[in-house]
Structures are given as structure tokens and as C-alpha cells.
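Chain IDs A, B, C and D follow the sequence of writing; residue 1 opens each chain.
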Amino acid sequence: MRELELYFGPQHLGMVGNFSITLKVEGDRILKATANPGYLHRGFEKLMELRSWIKNFPMVCRINVVEPDSMEMIYAMGVEKLAGIEVPERAHYIRSIYLELARVGSHLFGLWAYANMLGFDTVAQWAMYHRDLVLDLFEELTGGRVYHIYIWPGGVRRDFPEGFKDKIVNTLHSIGGCVPDYDNTFFNNRLFYERAKGIGTVTREEALAMGGTGQVLRATGMQYDVRRVEPYAAYDKVPWEVPTREDGDAYSRIWVVRDEMIESVHMIFKLLDAMPEGEVYNRIPNPFKWTIPNKEAYVRCESSRGELGLYLVSNGGDKPYRVHFRTPSYTHGLTILEKALKNASIADVGNIMISLYVVAPEIDR
Amino acid sequence: MDRNQLIKWLKAPAKMGHKYSLHAVYFCTGCGIIEVPPSITARWDAERFGVLPVATPRQANLFLITGYVSVKTLRAIIRTYEQMPEPKYSVGFGSCPINGGMYWDSYNTIKHLDKYIPIDGWIAGCMPRPEAIFVAVTHLWTLIDKDMADGYKRYRDHYQAYRANQEHALGKLEWPPLFSNETKS
Amino acid sequence: MQMIEMILSPLLALIIGIFFLGLSRKIMARIQWRYGPPITQPVIDVIRLFSQKSVSHGKLFNLGIIFSLAGSLVLVLFLPLAQICPLSGSGGMLVILYMMLLAPLGIALSGGESANPNTSIGISRKFILALGYEVPLLLILLALMTHYKTISIVHIVSIQQNTGWAFVSLPLLLSGIAYVLILPAILGIRPFEVVQASQEISSGPMAEYGGPFLALATIQHALSLFIGIALFVNLFLGGAGNLLIFFLKMLVVFVLVLFVNAALPRLRIEQAVKYLWRWPTLLAFIGMIIVLIVRR
Amino acid sequence: MKDPLKDKLTSAFDGIQIQPADRNQISITANKESILSVLSLLKSNGYNHLALISCVDWIEEKRFELVYILSAYMEKDKHFTDMEKTNIILKTSIYREKPQFISAIPIFENAEPYEREIHELYGIHFEGHPRLTPLFLEREYKTPPFRKDFDTRKYVSDVFDPIPFVGKKADKR
């Protein structure tokens, strides 16, 4: 059979984000896949070297559009670690709640992308609608729908507005009320099983060798979660579970996403109950003259896609000397994707890519 | 449909067709794409205005350029724009294609997108809300009504200049010129 | 009289087909919690597409789509729409079976001219899918022909008018169920929307169509929707005495099929063929044997 | 960090400096010759997750600093120890003139895109890397853009700003 060169993306309905994969196909089978990133490269890390510590907050959230909040969190964590700023107890809780809300929103976006890819239009529309409800919460809290810039070194920008707790609970209940619908139409659907089972399998050994984190690893049964391994914010204050699956294929990964979403909602309820009163913000020095001592730091947190890291170097100036993000999509989208696509069928390219949860701007930065 | 609409339909069916059937290229050029799924799904439902994402540029007549344009994306954007059949409308979404936005000093993003392809309208903001897309669509309707959405004509008229700018930014282009002999400007 | 019918019947098919397209978008939108486009949206789209200029990829590219459309239009002439059937006397079901292959063939010819890999994948999928549903369809039609002892679709309709629907007559029940199972595949909707899978292969054979070509392809799609449902209504739901009832029957079938479309995802092509060759074929085969035994 | 590992490292390699743990973070500075053996030693001692390879351009000291960040995957599915908490920052310096280094792909498979990126953005050549093709960039840059002596603002005003506007807009300005 003739070998064809096929470009999957960047202009493609099944592609989420500006990303492209060059496929060498024979019939319906993929012989070789080459990820081709760079469509979104803005040189963030270079630009951040030119801006002061505080000015970088609006920059940093733009790295990941789907879940900008964990980006803010990681940068705030890095700055706090370098400058030795303490965060009040209540701010820890608010941060955790905020990040978990963002995780729910991000997972719903992922569910939209995945369901849309498989042709589950109805479920996709529901998921996007429910994500919008979460975005409404963010809008009330921070004023922005997508980019919030809410987390600040030393805490969060402001406290919860009045009655916000109830709003969170109500919104999450109304989304949670639809979980049986999702289960019936999507997760327990036989056709979802047929489409996703055994597709894009990444075994434990492969995932470990290639630096997989997040769902890729949890779908193989390992409870590796930075929130648990190296707790930050208030994640060690309340009990919660790390959902896992065994098989490491697209089916397991999407199920892990679903379980994680539900676990996040439960965690938010627990955090809301346990939240102490008090300050939410420790004052930082004048941001225009703020310098940070000559140091380096590596911090990490768990974004909705996996381990998110930040290597931050200061040379004692008012700007970072070097910023480098370790984004989960980077390994998932470049190393693991190329391996998982080998010998797959063309119909499953988007299936595998989205189940690996690749967000292109995270790769390119 | 009231009488005015009906008269318009009878007078210029093609124009009305363009107005109410804006099929958009689904091209995630930047972070603006995050607001496109909400606006085409249940909450905001762009389909009631006839706006629908389609799979290939050949089937489309609206090009939403969502967000910043890196140099590598510009190549894809130009190819996509040239593949679309005329008449076609392009709308810059977000502040980054207007003047670079917050990436004004990035070495890898295009600052003024209208130097490379003609743009019929801009939606400012970062991130513009889904409502902004609909405002833009209604605005585009008036532009089409008044024959002011003439980006594709400008592209034809000033093709040499556009092509020169594209080559300046991207180096040698690997595809032949779209219009060969028309040198009006 | 026949001349008028010859014009009337494709025209009706066209109107009903495009109406169905609009209706499907509206109903799908409502299922998905949306308001949905106006029901005239496909008409607007077609008007818009005709007014656009598009690139042609050669003579065969132009001719193929016209060939496909013409095939569908001629096919309509052989279908009885209530009492209207311009070409009732000639050929019957065998002709319909042949003509049903013309539409994919035309699109294949046309798509083959444009060197887009997505197009060729889409076309190969289209033929594989056709292969998938032709087998049970043939068995079902054989059972019908044996049962009613005629190959003329007009006769089948008129017999059903007297003795009741084929779908509820016991010997043909299994064949009827098999037909229902393959109906989404014939219509090319989910779970068998493998040909135009826009998220996988950028709408497959349509990938290179733009402007007037896409308009013609849309009309052809509308016609094929009409044909698929009309054939089912004629063969198993007893056709109809007048146009209104015929239309109502089609509407009910179409809406039911749309619900399936809304609730299910796409299958992979090999899964689709595997499914089509398993349950519907088995049912159709048993149905045919039952018919043979009953006729004995 | 557990002391046996520290002993192992100091005894096996010359010139290795280990800073004490600071909030789960250990910095190790090693010679560039020994970096691969240090990496494989750390890997065999449980630090089997290469999180990041980074590069810092210390232009005043005329060196690039390559940074390998390692942490540990869990050994058992559900059992957490202090070891997983620890991040190791392993650093080494190479000359800024004609920078060259050895690829870490034989030890960590996911080093591949990181090294490719560093090659592109800093111009460091990695020996033994299978494909050092451009990853992100479309244009060619004389100085790799992430080096400190590459002035992106000057580049923008030199390259993008002179491109003229087209059509009516050009007349207006």
C-alpha cells in the first residue's frame, strides 16, 4: 500500500489548540508520527526576564489558556519561596478552593474536547455549558472570565464576597446533579468503551521512562499526585482520595478525569467547611522597588494535566533572571504522544491526543 | 422575517446569504480560541446567527483570527486565508493581532496582522467575551450591507504589497502567488 | 401527466430533503440545550454557497458532483411518493439498488481528482461503509421480494396498502428490524457518520468542495436523506395513500433517527462494518429464511 | 536527602558540591565530565523522574549553566515517603564559546525535547541527540533568542516595525 504524508492540524476541527502532527500513514495505520509544535511560541520566558516580578503575573497566566490558575499558583509559589513570604492560613484555603474550581472547569473543557472528538455532540455541549457556570463563579470572584490574576504573592487578591460560599455550593450541586446524565450518556455508554478501550495505551513502564505525570500515570494505577506527594496550599488539611485506573489507555484516562472532577468537588465542600477566618493577604514590599535575593528555586504543583513545575532564578534584581516552566503537556505532547500514535489508526489521532490532555500553548510557551 | 428583510432578500439574495450564513474556519490561532467553544455551544449558541465552525477553509467565509499570531502561525493563516473562496471576511479577535498586545516585544509574534492579510474588523480586549463575538457578527452584518467589508477586494488590489510584507516576515514563500498579474497599486 | 410527475417528484424530494436538513439542525440544537438556527438555514447556506467562487480541480471534479446529484435525482423518479411515481413500470427495486451506488461513485470520481489525502480516506470509508450495509440491505430486499412475489416497489406498496405494513407482518418482522438497524448507516449519520467525520478527516470527501460545489453536495446530501427514509417508508411502513401521510411517516422516522444521532458517537469504520455484518446481517438472514419457510 | 546517597556522591565524584536541603530542595553542582554518571547514579538510587532540563545564561561569567531537575516516582502504588518530596537540582557549567554537551537521552528518554529546545533557544549542541531540528522557531536568528545578549525589543523594532501598512491605512499614517 502507498505511504501517505498527512498533516493533522493546525487547521483542523479535531485539533484542540494550535498544534500539528505530521503523520506517515499506510492505509489507515500510522507508521510514524512527528509532533510539530511552535505555532504558539511567544518566548514567554524571555519576555518575563524583561518584566518586574509583579508585572509577570498577567504574563504567566497566558501560558495555559485552559487552566490559567495553576500557572498563577506556581509562579506565586516560586516567588514566595525565593522571597520567603508567608501566606495566611485562610489564603491557603481560598487558593485550594480556587484551584479545585479551576480544575473542574478545565476537566469539563477536556470533556468537551474529548466528547466532541468522538462525535458525542450532546455531551460536549453539556460539558461546555457547565464549564461556563464555573466561569461565572470566577467572574464574580475575580472580575475575569478566563484570566483571573487572583493569586498574589502573599495570599490572594481579595476575600470571598458575601454569599459566595453558597454560590459555589449551589453551582457545584447543579453540575453534580447532572453526573448521572453524563454517566448514562457518555461514561457508561458502550460505544465510548468501544472507541476508547485499548486505544493509545501507555504502560506504567513507558510512562515512567518518558516522564509522564498526571492522568497518564494515574491511569496506570499509580497514585502519583503532587498535591499528595508534596502538599502545598491546604491540600494536607482535608482528607481526599487520588482516583486511579489500571489499564493506561484512553478509556482509563478519561475515567480518571471524571473521578478526579468528582473528587475535586467533594474536596471543595470539605475545604469550605474547614476554612478558617482571618486575613487573606500578607503585604509585600513596594512592587516597584521589589528585589529578591540571589537564589534559585524549583517548585511544583499539580495542574489538571499533571505535574507543573517552575525553575526560577534570581540574581538579586527586580526582575527574574531565568524562568523555566516544566509543563505536563510538554512530555505528554512531544514524547508520549509520538510513541502512543505509532501503529494507531487515523480515526484515533484526536482521540489519543485529547485523552493525553495535550494543551498546545503549554508546550510552546 | 419582516417586510424589509424580505425586500432585501429579493433585491440581493447573495448579500443576505453572506450575512446570515457566516461559516467560520475552525483554526485555533491563539488563546482566543478558549472563548469560541462557549460561544458555539449551549450557553451562547452562535448557530442561531448562522455562525458555524466548519472543517476546511474551502467551505468557510469567515475567518476568526483568535489571538496572537506567531510567525509560524502566520504562514498557516495566509495559506488558510488564500484557500477560502471569495467573498470572505476576516475578523481579528483579541488585542494581540491588532498591535501585538502584551507580546509587543516578543521576537516571535506578528505585531500588526493587517500588514499581512486584510482584516475587516477587530474585537478588542483580552479576552473578549463571547458577547463580543456576537457584537462583531452584527457589526459585520452592517458592514456587509454597506459593502464595506471589502477585505478580499483590498487583498486583490494590493496583493503585491501584501505579498512583499509576507515575504519580508516569513522569507521565501513556498506557494505561488494567488493573483499573478493584477498590479493596481 | 407523467411529465408533470417527473418534475414534481424530484422537486418535492428536494424541498422535503432540505426541510429535513433544517429540521435536523433545529432538533439537534434543542436536544443540546440550544436555541438553534432558523429552520431555513440550509436554504440560506445554499444561496450563499452558490454566490461564492470556488477553485475547481479539473473537469472530473466538476462532473463528478453533478453526476452524483443527477444519480440521486433520477433515483427519486423510481420511488413512489404516495401515488406519484413517474417511472413505476421499469425495473423496480433492482434499479434502485444500482442507482443508490451512483451517488457515492460520483463523489468518489470528483474527490479523486483533488489530491487531498483526507478526501481519499473519506471516499474509501464511504465505499467500505456501503459494502457494510449493502449486504444486509440485499438480504432484506430479497426477503421482501420473495414475500410479496414481485420486484416492483409500486406493487409492494399497493399490497401493503391492502394487507397492512410489512413491518408489522410477522414473517417480515426480523427483516424490518434489520432495516431499522442499518438505517443510520444508509443515511450516514451517527453512529455511522464515518464518511464526513469532520473531527477526524476534515469532512472527508467534502474537504475540497467550496462554493457551488459544496452547495450541490449539500443538495445531494438532502436528497440522499430523503431517499433513505422514503425507501424505508415505502418498503416497510406501507407507503401512503396521499402525500401528507407519507410526509408524516417520513417525519416520524426521521425524528427517531435523529435521537439516535444525538445520543451516540461515531464508530470507527472497522467497528461499523463489523457491527453491520454481524447483527443486521444475521437478523436479515434469519428473516429471509423465515420468509422462505412461510412461503413454502 | 539520605546521608548514604550523599556519601556515595561525594566519594565517587571529584568536585561535587552538595548544598543542604532547603524546603525539600537539594542543589548539587557537579563537573561537566561527571554529569551523566551522577544522573545515572541518582536514577538508580530512586530519583527516576527527570522533571526538567533547563539552561541559564550567566553572561558575565561566560558560562551556560545546565540544570537537571530530578524527583522520585513512588515505588509502590499508594505509599508515600519523604523521598518523593525531594527535588534535586543538578547543575553543571559549560563554556559559552561554542557550547557543547552530551545528551542525556540514554538515561532519561524524555530529555529529548528539552535538549532540542535548549539547542534551539541557546545554541548548545548536544552530542548523540538523534534530531536537533528546529522545534519552535520559524525564522532564523543570528544569536539564539534566549541568550542574554539577544535583545528582543531591538529585534522587534528592527524586523517587524519597518514593515509598511498596506492600502488606505498606509496613506493615513
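Basically, a contact is a pair of C-beta atoms (placed from the backbone, for glycine too) under 8 Å apart; a residue touches a chain by one contact, two chains touch by 3 or more.
Every value quoted in this text rests on a predicted model; they were computed, and no experiment measured them.
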> Looking at A-B and B-D, which one has the bigger number of contacting C-beta pairs?
Replying inline: A-B
> What whole-Å value do you get for the distance between chain A and chain B if each is reduced to the mean of its CA atoms?
Replying inline: 30
> Once you find the CA centre of chain B and the CA centre of chain D, what distance in Å lies between them?
Replying inline: 39
>> Centroid of chain B to centroid of chain C, CA atoms only: how many Å?
In response: 36
>> As a quick test, compute the distance in whole Å between the mean CA positions of chain A and chain C.
In response: 44
> What are the residues of chain D that contact at least two other chains?
Replying inline: 136-138, 145, 150, 152-153
>> Multi-chain contacts only, two chains or more: what residues does chain A have there?
In response: 12-13, 38, 41, 43, 46-47, 50, 125-126, 129, 364
> What are the residues of chain B that contact at least two other chains?
Replying inline: 41-42, 54-57, 70, 72, 105-108
> What is the complete set of touching chain pairs?
Replying inline: A-B, A-C, A-D, B-C, B-D
>> Touching residues of chain A toward chain B in the complex: what are they?
In response: 10-13, 15-18, 38-43, 46-47, 50, 58-59, 62, 65-66, 109, 112, 124-126, 128-129, 131-132, 135, 144-147, 360-361, 364
> Inside the complex, what are the residues of chain B that reach chain C?
Replying inline: 13-14, 16-18, 20-21, 23, 41-42, 45, 47-48, 50, 52, 54-59, 61, 84-87
> Which residues of chain C touch chain B in their complex?
Replying inline: 25, 29, 32-38, 41, 44-45, 47-55, 198-199, 202-203, 206-211, 214
>> Under the definition above, what is the set of chain D residues touching chain A in their complex?
In response: 23-25, 27, 48-52, 54, 56-57, 67, 69, 71, 73-74, 77-78, 80, 84-85, 87, 89, 108-110, 112-114, 134-138, 145-146, 150, 152-153
> So in the complex, which bits of chain B are touching chain D?
Replying inline: 70-72, 75, 104-108, 110-112, 114-115, 118, 154, 157-158, 161-162, 165, 168-171, 185
